[in-house]
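Let me give you the structure first, and then I'll get to my questions.
First chain written, first letter: the chains are A, B, C, D and E, and each begins at residue 1.
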Amino acid sequence: MVGTPVLFIAIPLLAAFLIPLTGMVWKESVRIIPGLILAYLLVLAINLLSYVTVNGPIVEVIAGWAPPIGINLVFNAFSGFLVTIMVFMGLLVWLYSYRFKSNVEYEAARKYFLLLMMLVTGSVGIVLTGDIFNMFVFIEITGISGYALTAFYTGRDSAEASFKYLIMGSIASVFLLLAIMIIYSQLGTLNMADVASKMHLMDPKYKAVSFILFVIALGIEAEVFPLNGWAPDAYAEAPGPVGAAFSGIVVKAAVYALIRYTYTIFDLSGAFDLLIIVGLMTLVIAEVAAIRQEKLKRMLAYSSIGQMGLVFVSFGIGTKEGVFAALFIMLNHAIIKPLLFFSGSYLVYHSKKKTISDVDGMGKLAPFTSLLFALGAFSIVGLPPFAGFWSKLSFLMAAADSNMLLIIGLILTVSVVELVYYMRVVNRIFFFKRASHLLARRPTFNAYIVMSVLAVLILVIGFYPDSVSTYLHNAANSLFDKSQYIHSVLTATIQ
Amino acid sequence: MKKILVLLLLAVVGFYTAETFFDIGFGKAPFVKSSEIKPVKDVYLHQTVQELKVANAVTSIVVNFRGFDTLGEVTVLFLSVTALGSILYKKRHHVGERSVLFSASSIVTSGSKLLFPAIVLLGAYVFIHGHLSPGGGFQGGVIIATGFLLMLLAYENYSVSHKGLAIVESLAGITFAGVGLLGFMNGGTFLQNFLATGTLNDLFSGGIIPIIYIAVGFKVAAELTGVIYTVLNEKGEQHG
Amino acid sequence: MDSTYFQYLDYAVYGTAVLVMLIGLYAALVKKSLLKIVIGLSIVDSGLNLLIVTLGYIKGGTAPIFSPGYNGTQAMVDPIPQALVLTAIVIGFGVTAVALSLVIRLWRHHHTLYIDEIKNLKW
Amino acid sequence: MMAFILILILLALMIAASVYAVRQKDLLYAVIATGIISLVLSILFYLLQAPDVALTEAAIGVALTTIIFVITIRNTVRMEDESDKNKNIKSAAK
Amino acid sequence: MITLILLLFLGGAIVTWLGGKLSPIVGDMLFLVTIIVPAGMFFTGVTVGEVTHIHALGLTLTWGLSPLSYLFSMIVVGLGILLAIYAVPFMKGKQKTGAFYFNFTLSVMAMLGILVSKDWVSFFIFWEIMTWSSYLMVILNGKDVQRVGIKYFIFSAIGAYAMLMAMVVMNSQLGSFLMADTFNNFQHLTVGNQILIPILLLTAFGVKSAMMPLHVWAPDAYSNAPMAYTGLFSGALSKMGIYGMVLVMVTMINQLPEGTLIRDIIAWIGGFTAAAATLWAITQDDGKKLLAWSSVGQMGYIIVGVAIGTPLAMLAALFLVVVHAMFKGSLFMVVGAIEKQTGTTDFREINGLIRKMPWTFISALISVIALAGIPPLAGFVSKWMLYEALIQNNNYILVILLFFASTAGFLYCYKFLHGYFLGQEEPEWAHVKEAPVTMVVPMLLLAIGTFVLGTFPQLLFKPIDSALQYVGYDATGGHLWGQSILFSEWGDVVTLQPILYAVLAVFVFFALFLWFKGTKGTRYVSTKDISSSGELPKEWENLTFKVNFMQPFERVIEPFLKRQIDKYYTAFGNGLEALFEFTRRIYTGNGQTYAIYAILFLALLLLFRVNLFG
């Protein structure tokens, strides 16, 4: 082992506090250090993940107090898998925005990269932590970075989007605290594993109320249907890379939290039905809204929400295959959506209104970017032989195994809608005459690299899905093995 | 229409929340129904005295048992300063041109001048004695920030060095995270105590807890001052 | 304190906390001014903090401080909710500050705080 | 007995202040009412044997939150809803 | 070997695309190499029965060639090579050559992939690759992209997802994606699934083969794609639907007690498809559209054959599959050549190209005759067998319907020939030259192929026979056609040849007669300059007699034409869009509303918590 999970939090925080100092000495460092940190975290994540695959979960004790007392971090196949994706996406987003911001002055650059790094750290913290109140703190870290990054551009709409996000975020944190306190009052502990092991002692009434409060609170962050009004605005108004970070990183963390509560902590059987209902609503409403969008980024945002709905349905199936499919969808979504956001934001770069009609005929002007967008679009709607197909297939297989024919039918019908709006955009890019006189913006070198990496990943997973399936299986198994989670946490000692 | 709907919804939510908490009961903590549950707070209260030699249990929880939360919390404040800066960011920064809430009379100004050192001292006292008596890093930091607030309000041209704030903030933050990492490197875990704990109710007791709390105090003071300063410097267009 | 009165306090304290939260939520959900919404959210926070601290209270308990005057037998109130509230208050302040800065930003662009007019992003 | 009545009075004051804060059209008064809520809250915390929290609430809730609210009101507008709209129309006409 | 061929196609597609960026000639060369080399390898290297396994995501993909798929793959590969040769001159000087080559190669690959798939997953993968590559072809010219392209894609997607649903259900019930397993264990499914799965699969295949209520994409898509591709599209790609339908009909429907009913329904749908599409074809004024509708109609005949499912009907259908690929491929090439040379495909504008493009005319003539089902050529053989099969099966009304369709088919066949080639030469088209040799040769080859198959149908009966044995029909020892009156009464197939020669002699005589005599003594009159009743036509009004060529007939069938399915779909789509527009107003843009939603959701959950969580 080369490190421990706590470094995922400690190192970025140390760096965050250091950056203002180094910035006084060497201005460029405020942009480089976050990248170095994220790269280091990626190395760490990959190392730990391979260690975990062989040796079982790592439970990190903090402040020298073994789990039921102190806070702990859990790096197992499931959380480790998500952390690896997140850190990887964080690094890509950093790389993408590195040159992107070269003309912005020092102060803005410092804040941007700092907030970006903390966004990643907060999300990683949500996934790693094994303590319900600690999760609240990380959710707030992620939230504040998110609000600030959403309002980062000085336009008026970005502030509006950020304010909506903030209102919803505040309500979420209120309910989250309420739920945490109900659990604490009943079980006298805040440790997830401890709570999970004692959950059967809790009065069903409190159980239901606290679970509902958790669903509301985390559902707001995870973009569940009636709670996701903020999401499209925030996605569309945040700077391009941040939108990608939201869909690739932040939402994943929130989904993780919700899933952790459903699967490990609570033992409510109705929770799975709730996930399915909520997931279907999210999916249908989001896709339906996406088809009528005029702005490219909003369309992508709604599509992203829809994908999350699919993830929820898939988790709600409640079988190991379902979890596998859900994780696969999350992985694909984390790869594909950033590609769409990146290439999409270059396609409408010079346009004022960023409407879909601005991409007309971009295929000629910016062939590479357009091609990547098309690749992403083909992949996300699940056309073989690209990555999205395999996740869709595994989802459908999982659903069919549970005899959910109606749900399969509904989801496939909605998929047609999804297909239509993506194909409309692809049509416009390649087969329409250029209407506006705006020129295409050439992606920067870094952006080229980032987009190419994502595209290659899509193709690799598409042609050789086995490359990731081991990790997905391990992750799914580890989520399912509740008793092992509880056992490994509660017997953890200081290493 | 909307009001009625909202009232109705709030009534439902309120009914269920209140019902839940009425059932939990007041003043009966911990409300544990089963003997299988051993609340962690007993362990905390016990270990605070036995192992950490810290008198104030809240302090020991905030700084040691759940010190990780506090690290996150300090980060939240740090982030909100950064966020404020980026949200209210203006290209041209007019230093000294800030909104004045009220024109201070000479009594206020001279009074503030007298009060300021006292407030800062009080704050310092509060966070240094955080492990012994009520109060600690947050409270002390906030008190110091209030002192700066007073000066900022009283003197139109009183300004705080941004650089100085940033340095204090960073150093304090680094101390916090660094002390945590030191515990990690000493063969223990992150934020683990690695100093001698001394005796209960002694000023120099509690191992790393006072160190961290002092760092937190400085950090909170610097950050809150930063928040106030940033908002005060935001001079909106005056209407009417 | 007389223990018979506590029965009423049972309902009074929790009731007040929940009621204050609801009043705050009402402001956040119905009032049209952005500032009023932020005020509402901060009132919700107040109610919530009261609720949490109340949860940790023990009848006749003392503050969780082992000061020299502590006799060692009296029950102490639960310190954990207090620690959590401490965190929550600070975080709440951070969020409120960000919210207010956003209000200032929105005022700068729209010259109104009327939320129904700040709807450029919709559908 | 005294403590009981005191707590009841404080609770009533808190509700009254929050209702006032929500209903008051003048935002400055509303903000001061929230300050009063915090003040009452910090006394309640003290009575509930939470001196640390009381201290924090007193410093943050009463002083800092109120002051940044006041600064914001100073920078934006003092009256709630309708008046802003009119002002907006006027300023647009200018 | 199969894997290698598919990989060669795929790699070749990418290399061609990249090579085309360097220089067009390199792209052309690479394209031809990419098509011809793997195709050659396919002919020489692949044997029926060879099986390859590939593992992906815990699934085993099995690839191998069966006699049935061998038959279809011959169409794909043969048509692919000829159209590739044709496409190079056709695409010269056009935009997006790279994309054309890329998608063309991918389509060929995907079709071969479908045919070699022995499990549903790879079947679906290739099916989708085929769909999107053909979709990109349909919208390649940038005309009507949103309407035509999206329509095609929506229908394809509906079909594909139906198939996807069917296959996951089968997998969950039977535990295998292997086609053979699903067919053999079909009895083990529940009764509901036994009905559901064939219906889903038939929907999928019905979309591709343009079965009646699902056909609306076809005319537009066929006519919108580049003609060099449409030959493949109509000739081979839509046959994939037939391929699937054969599998489903024989292996699944046969096992159902209600099978006969489904068969009848499908057969009737096929009959209506044939009749209605023929009527529509008659009213078209554009060669592309006409052929497109005609393709739909011909698919109707094939569907009837497949649905009836007696050995003779099956034989007829499969025979028609092959010959339709040939003559329709040839005809689309003809239209493509005309488009290339004149720039338009509108009957009302082109006249008398017979002298300008004689070779094109000859291929068009032979193919049209085959299309119309006039005796000596291949179309006749298949249609005759189809009638017989229907009569044997006592489906007299269906025979009448088909016979009507076939007779009406003469009208559009004539319209096609006349529209382009006959009539007076216009000076406007005086400059038109014969198409390049590389375009003419492929279409002539195909036309001659129809000719040969019409004369020696037994050439085809052998492979069809073995294909039918593979899907479970009895071995007929090569005498399947013995059932046909045509062959048994006249003794032997060989007797077809004298008839043919006789007909050919007459035909050649008339052709020569017209050649020498035809233009003598005629006077040039502009066909576009007609004044009637003293009303002077305006310059831009095209008043050739070709406008409303079939007017009297059209008037008769007008009531049928009014009921255009397309319109219902459009109305449905518009309704949906309006509904969507309404739905998205949930997102009001007001942050407060969103907060109220959150509280509403919370209140609802709290109210229903007992129902949810007990």
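As a working rule, contacts are C-beta pairs under 8 Å (C-beta built on N, C-alpha and C of every residue); 3 or more make two chains touch, one makes a residue touch a chain.
For clarity, every value in this text was computed on a predicted model and none was experimentally measured.
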**Asked** Chains shared as neighbours by chain A and chain B?
**Response** C, E
**Prompt:** Which chains, if any, touch chain B and chain C both?
**Reply:** A, D, E
**Fill in**
Relative to chain D, the most remote chain by C-alpha centroid is chain E
**Message:** Based on mean C-alpha positions, which chain is nearest the centroid of every protein C-alpha shown?
**Reply:** A
**Request:** Could you find the chain whose CA centre sits the greatest distance from that of chain A?
**Result:** E
**Fill in**
By C-beta contact count, A-E versus C-E, the higher one is A-E
**chain A and chain D: spacing of chain centres that average the CA atoms, whole Å** = 37
**Item:** Distance from chain D to chain C - Cα centre to Cα centre, in angstrom
**Value:** 12
**Asked** Approximately how many whole Å separate the CA-defined centres of chain A and chain C?
**Response** 30
**Centroid spacing, where centroids are CA-atom means, of chain B and chain D in whole angstrom** = 20
**Message:** Give the residues of chain B touching no fewer than two other chains, as numbers and ranges.
**Reply:** 2, 6, 10, 13, 16-17, 24, 29-30, 39-41, 44, 56, 58, 66, 69, 73, 76, 79-80, 83, 87, 134, 138, 224, 227, 231, 234, 236, 239
**Multi-partner residues of chain E (at least 2 other chains)** = 584, 587-589, 591-592, 595-596, 599-600, 602, 606
**Request:** Find every residue in chain D that makes contact with two or more other chains and list them.
**Result:** 50-53, 56, 60, 64, 68, 72, 75-77, 87, 91
**Which chain pairs touch, all of them** = A-B, A-C, A-E, B-C, B-D, B-E, C-D, C-E
**Complete:** chain D residues touching chain B in their complex are 50-56, 59-60, 63-64, 67-68, 70-72, 74-77, 87, 91
**Complete:** The chain C residues in contact with chain E across the complex are 25, 28-30, 37, 115-116, 119-123
**Request:** Using the touch definition up top, name the residues of chain D that touch chain C in the complex.
**Result:** 1, 3-4, 7-8, 11, 14-15, 18-19, 21-22, 27, 30-31, 34, 37-38, 41, 44-45, 48-53, 56-57, 60-61, 64-65, 68-69, 72-73, 75-77, 80-81, 84-85, 87-88, 91-92
**Residues of chain A that touch chain E when the two form their complex** = 160, 163-164, 167-168, 171-172, 175, 204, 207-209, 211-213, 215-216, 219-220, 226-227, 229-230, 232-233, 268-271, 273-274, 285, 288-289, 291-293, 378, 383-385, 389-390, 393-394, 396-397, 399-401, 403, 405, 408-409, 412-413, 415-417, 419-420, 423-424, 427-428, 430-433, 464-466, 469
**Request:** Quick one: which bits of chain A touch chain B in the complex? Just the residue numbers, please.
**Result:** 4, 6, 9-10, 13-14, 16-21, 24, 60-65, 68-71, 107-108, 111-112, 114-115, 118, 125, 131, 133-134, 137-138, 140-141, 144-145, 147-148, 151-152, 154, 159, 162, 178, 182, 185-191, 194, 198, 201, 203, 205-206, 209, 494-495
